[in-house]
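Both of the next two complexes hold chain A, though its partner changes from chain B to chain C.
This part shows the complex of A and B:
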């Protein structure tokens, strides 16, 4: 049963990815940008322009370009089907490799932020759910509404001003490590994990120190929707029949709260997944405030340089990861609650 | 259900503090969008002679305020200071809603109209092309929003019109989905049956009866989405894919002041940020109050 559900979901996800890839491919070519003149500079000679067009492969008919990109035209070289995202027009290096160095930074940033935000949001959400409509609940409600509607890049800057310039307890917003520090060998690409694997505790602590403000910024923004969601699901769970039954049976309040929390978590997971997928691209602004060198900054660079293959690669990777996260959480959900996988 | 006795009672009107806060903030923003550029003491796009002047200390504000009313000052005070290129921050902050709010309203207006009409069609008629449309909006919704907005605006050209079109395109699926599900639940109601029984054509039923009854969710969503559109517009300028300098736009102001924040010049970035923070919160609060009122009714 579960296997059939997973296969079905995987197939749907795959179709979605293909459609999205083709859509993005045509969309960026429909827009009136001229990447060729970007690369040859102002007032190029006609030969130089034609030469650049040829070297970018833009002189070929669009359907040939698409087939090449997808990897369905063996005469043109490898493509997506062979696991090749193409080469960047700006740097010339393979895009898969470039994304490989930028992606871990973003994943590290948002995973830590989600973890911390969750640790804060669950008790707060539970607290406000125990007495709906009370003073604490209303306070938490206004907070979550506020935090969920804030310009995160501005809060990041504000934190930099307060904690770096005024108080001097945070490092300058210039990346994950200070330029003097030698980086540990790249194993996973995640600086916190790599430094521990290399036994470099100093680098690990430094990375955490540099991650402090960006994580605080994201936790602030994320805590709004997560608290709201935990509260809502918790209120619903506390009103359900099994909690009433547990009360009648005279179970201690703490155990009832635990049961209700478990019931409230299942629907929360789906929303967390959606939020995580959203943050893959949504962390762009925080990354750029703190110059962390994440996937979002790679996206900005590629987009502003009209680097078509890199843009396609970034969108593809972000969507693929969000779809996998949704799928993973849905499978978890289906394993906890088999009614989901009908 | 005690339906029979209810209509006799007077509806209870509680004063909803959050609703009032939301309405005040939104009204102020609309007021500034209309009159901000006129009220600004300096031209928001022309440099004054003084660069990176900090805002006057709070103790001086009453004197400066009195002075600017009586006109005894040589020049209007720089309430929020000036930025590194000499632009008056206060003038730019109050002139910005004309750009930010206009983009947000236009984008949401467009996507609301298209989304509601397409959602009505998709909910009311089950047809192959409505199915195709729903799948297309699925694909559109699986795009990463901020990255897609950046791509659309940067490749189409950084102008207000292109930002509006990009946001409208990305927001339309939200309204399609909301309206469609409301239409699905409305079209099986008794009043539709009654309208059909007295011989109305399907088009009349769809537009005159089902449509007005299915608008509420989309309208409530609009209040929230307008706020998010302001955030997105500001974010786009912040990364260099939004309106071009020196247009008075909040995100652009934060961006131009960002490099000086590390050096302690906080005012060019902090004041526009407060403006965004308060404005978007206002729209979120208003949307939430409307939602509660609608659900409670």
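This part shows the complex of A and C:
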């Protein structure tokens, strides 16, 4: 049953990916600028323009460009079907290689951030719901006003100023490692994993140290909505009939709270999934503040430079990851809530 | 604060007990924080126009010629003496006017990072590659064309046979090369100082060529660039950092700083903070306010030079009402020059009195064609043009959208606001129109349809008034290259046609002076200010030198004892 459901979802996801790929291909060509101007800055002659246009393949009809991009025109070269996302028009490097460099940085940052945010938000949300008006509840109210009132880059800059410049307990915002540290060989692209695989505990600890402030910034921002969602759903669950029945049956308070939490977790997990997909590109400001070369920064650079292949590649990868996360959530949802049937 | 500090320290100690802080930089190392790192190292490739890519190229590669140096300026920054050329990879040279041929005697004993020895083959390879126009943005061909090197004509784009290097660049022996021009052209030597004709190590380039990529564009876009420069490439992670190590065999002596880490820190405020803690030794591209804030900081030097960076107002001659000279002059009279210098640049700028960088040879500032702020005069000019108090200009609201690069909001924001306010006061219906850099570039360079804009990014890298004139003001029909305001004046075209091939320097300068006077009279551009190119660095660092491409050469730098 589960296999059939997952297969069905994967097939639907594939169709979504194809539709989105084609839509993005045409949509970015509606952007109000011609990317060729970047190439002819020092030499804007007609000949140079034609040369740049040829080198980017933009001299061909759009349908030929699309077929080439999809990998359906073997005479034009490889494309998506052959696993080739094309080359960046900014750097000339293969897009797959560039995304392979930037994506792990973002995944590492947001996965750790969500994990920490989850560990903090769930107990706080529970506590806040089980004791309305208590200290935790009042604290959550103040915090949600505080954290939500300023954008994340502002908090990031404030944290840099306070913890790096004033207190000196955080490292300089220079990426995942100090520039003078020799990096371990790239195996997975995740510095925390690669450093452990290479037996470099010093690098692992340094990476954690460098991740401390960006993770704290994201946790500070992400915890707010998760706490609120857990709290609201807990309150609703605690008022439901099955909790009333459990209370009447004399079940211990901790067990009742566990049942209520299980009921509250499903919508909270959905929120986390949506936030995770959003943060793949939305962590860009935190990446920028802490000089982390992540996918968000890559996306912004590509958009500003009208780097069509890179934009297409980023959208494709973010979509694929988001769809995978949603699928995973659906499966988790079913595991938490026995009422869900495939 | 004490409790907070203790808590934070305790927290850190629990999480990362092994870390006492970032690794210290030793005396022979330099941590240089920049807005980006090289996106490519191929001057004929897609990243050639990006300033940080140029920084990578000029530190790894070597030119045939350079400029001698003049005395340091008031900030202690060494500036070039543009009147004196120095041989770099060229030892001695001569020019035969009769045959328009330069004979270059190449320097012997020059070693590249890969162990190769420099000789004539490297020069031939470099020009062969330039003429192949095989890269996405063939800068090498463009510069050769600007210098009138024979055969480097636009024909190469249409005719494959024309792309083969003939006897215009000829190897005489291992250390002698001749280069023939198609006409006398004073731009020959200036052009050979520019990064877009720096010399490749032919042997290593060919070793990294493939059947699909015989000129090693992929290699130079993504892996490295073999040459004979002062630094070798240790590692390069795009969008993150690039590490240079000194070339111990560099022919001008091994660089004093043995290792340079150029690190990308996109937020300028973070570059400031890290410099202030002493962890970095050099930063660039801060906002004028940030440079100003560092001026009094202990252990930090802020230095700059009025080099070739400037700000001008772009008014398109093809878009009414900017085709009316009276309207153009009215805009010039309403411009708040002093406010821009103070509010926009914190005093680190000066009025620009011409249309060519004032540091360049051949620059003139026509005294009777200067436009000071005078709102009464602006109002009178508007009335004379038929728009009393600005009445009637509302029909041109689209034309009065003052366009600027959105990514430069931090720097240009206060400036465009001051201009908008001053011009609205004079009766111009100015609105602001920030657009992305690429869109700006497209409309400026390719479409040439920007009606009204502010521009702070045009700096002619060829150090010559004639180069600037040909680049920006000559009409396309007469060989103009980047005439973004669609300025057409047959007098200027005619004078440039004479100046271009005038062998006598004094006569050429006179022709260029006449052109510049005409350009100021027509307000071809409205020059506003020349702002200082600035850096902030550890006060232990010495030898800072300005180069016309505004890229730092690490070879110039050393630490004070």
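Rule of thumb we're sticking to: the second predicted complex is superposed on the first by the 315 of 342 C-alpha atoms of A that agree within 3 Å, B and C clash if a C-alpha of one lies under 4 Å from a C-alpha of the other, contacts with A are read in each partner's own complex, and residues count from 1 in each chain.
To be clear about the criterion, a residue touches a chain if its C-beta (ideal position, glycine included) is under 8 Å from a C-beta of that chain, and two chains touch if they have at least 3 such contacts.
Everything quoted here is computed from the prediction, not taken from an experiment.
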item	value
Fit or clash - chain C, chain B, common chain A	clash
Which superposed partner A:20 touches (first chain B, second chain C, both, neither)	first
First (chain B), second (chain C), both or neither touched by A:124	neither
Which superposed partner A:282 touches (first chain B, second chain C, both, neither)	first
Which of chain B and chain C A:202 touches, first, second, both or neither	second
Which of chain B and chain C A:89 touches, first, second, both or neither	second
A:157 touches, of chain B and chain C: first, second, both or neither?	both
More chain A residues in contact [chain B versus chain C]	C
Partner chain in contact with A:33 - chain B first, chain C second, else both or neither	both
Chain B versus chain C as contact partner of A:66, first or second or both or neither	neither
First, second, both or neither for A:306, with chain B first and chain C second	both
Clash-bearing segment of chain C relative to chain B, given 221-229, 239-247, 257-265 or 401-409	401-409
Residues of chain A that lie at the interface with chain B and also at the interface with chain C	31-33, 157, 160-161, 164-165, 172-173, 288-289, 304, 306
For the chain A and chain C complex, residues of the former touching the latter	31-45, 47-52, 55-56, 88-93, 98, 101-102, 157, 160-161, 163-175, 178-181, 201-202, 205-206, 208-209, 212, 288-289, 291, 293, 297-298, 301, 304-306
Residues of chain C that touch chain A when the two form their complex	1, 4-5, 8-9, 11-12, 15-19, 21-25, 29, 31, 39-40, 42, 45-50, 133, 135-139, 142, 154, 157-158, 196, 217-218, 221-222, 237-241, 261, 263-267, 269-270, 273-274, 276-277, 279-280, 407, 436-439, 441-447, 461, 481-482
Interface residues, chain A side, partner chain B - complex	16, 19-20, 23-24, 27-28, 31-33, 142, 145-146, 148-151, 153-155, 157-158, 160-161, 164-165, 172-173, 277-278, 280-282, 284-285, 288-289, 296, 299-300, 303-304, 306, 311, 314-315, 318-319, 322-323
Residue ranges of chain B touching chain A (in the complex, touch as defined)	18, 138-139, 142-148, 150-152, 154-157, 227-228, 231, 234-235, 238-241, 251, 254, 258, 261-264, 266, 269-270, 273, 276-277, 280-281, 283-285, 288
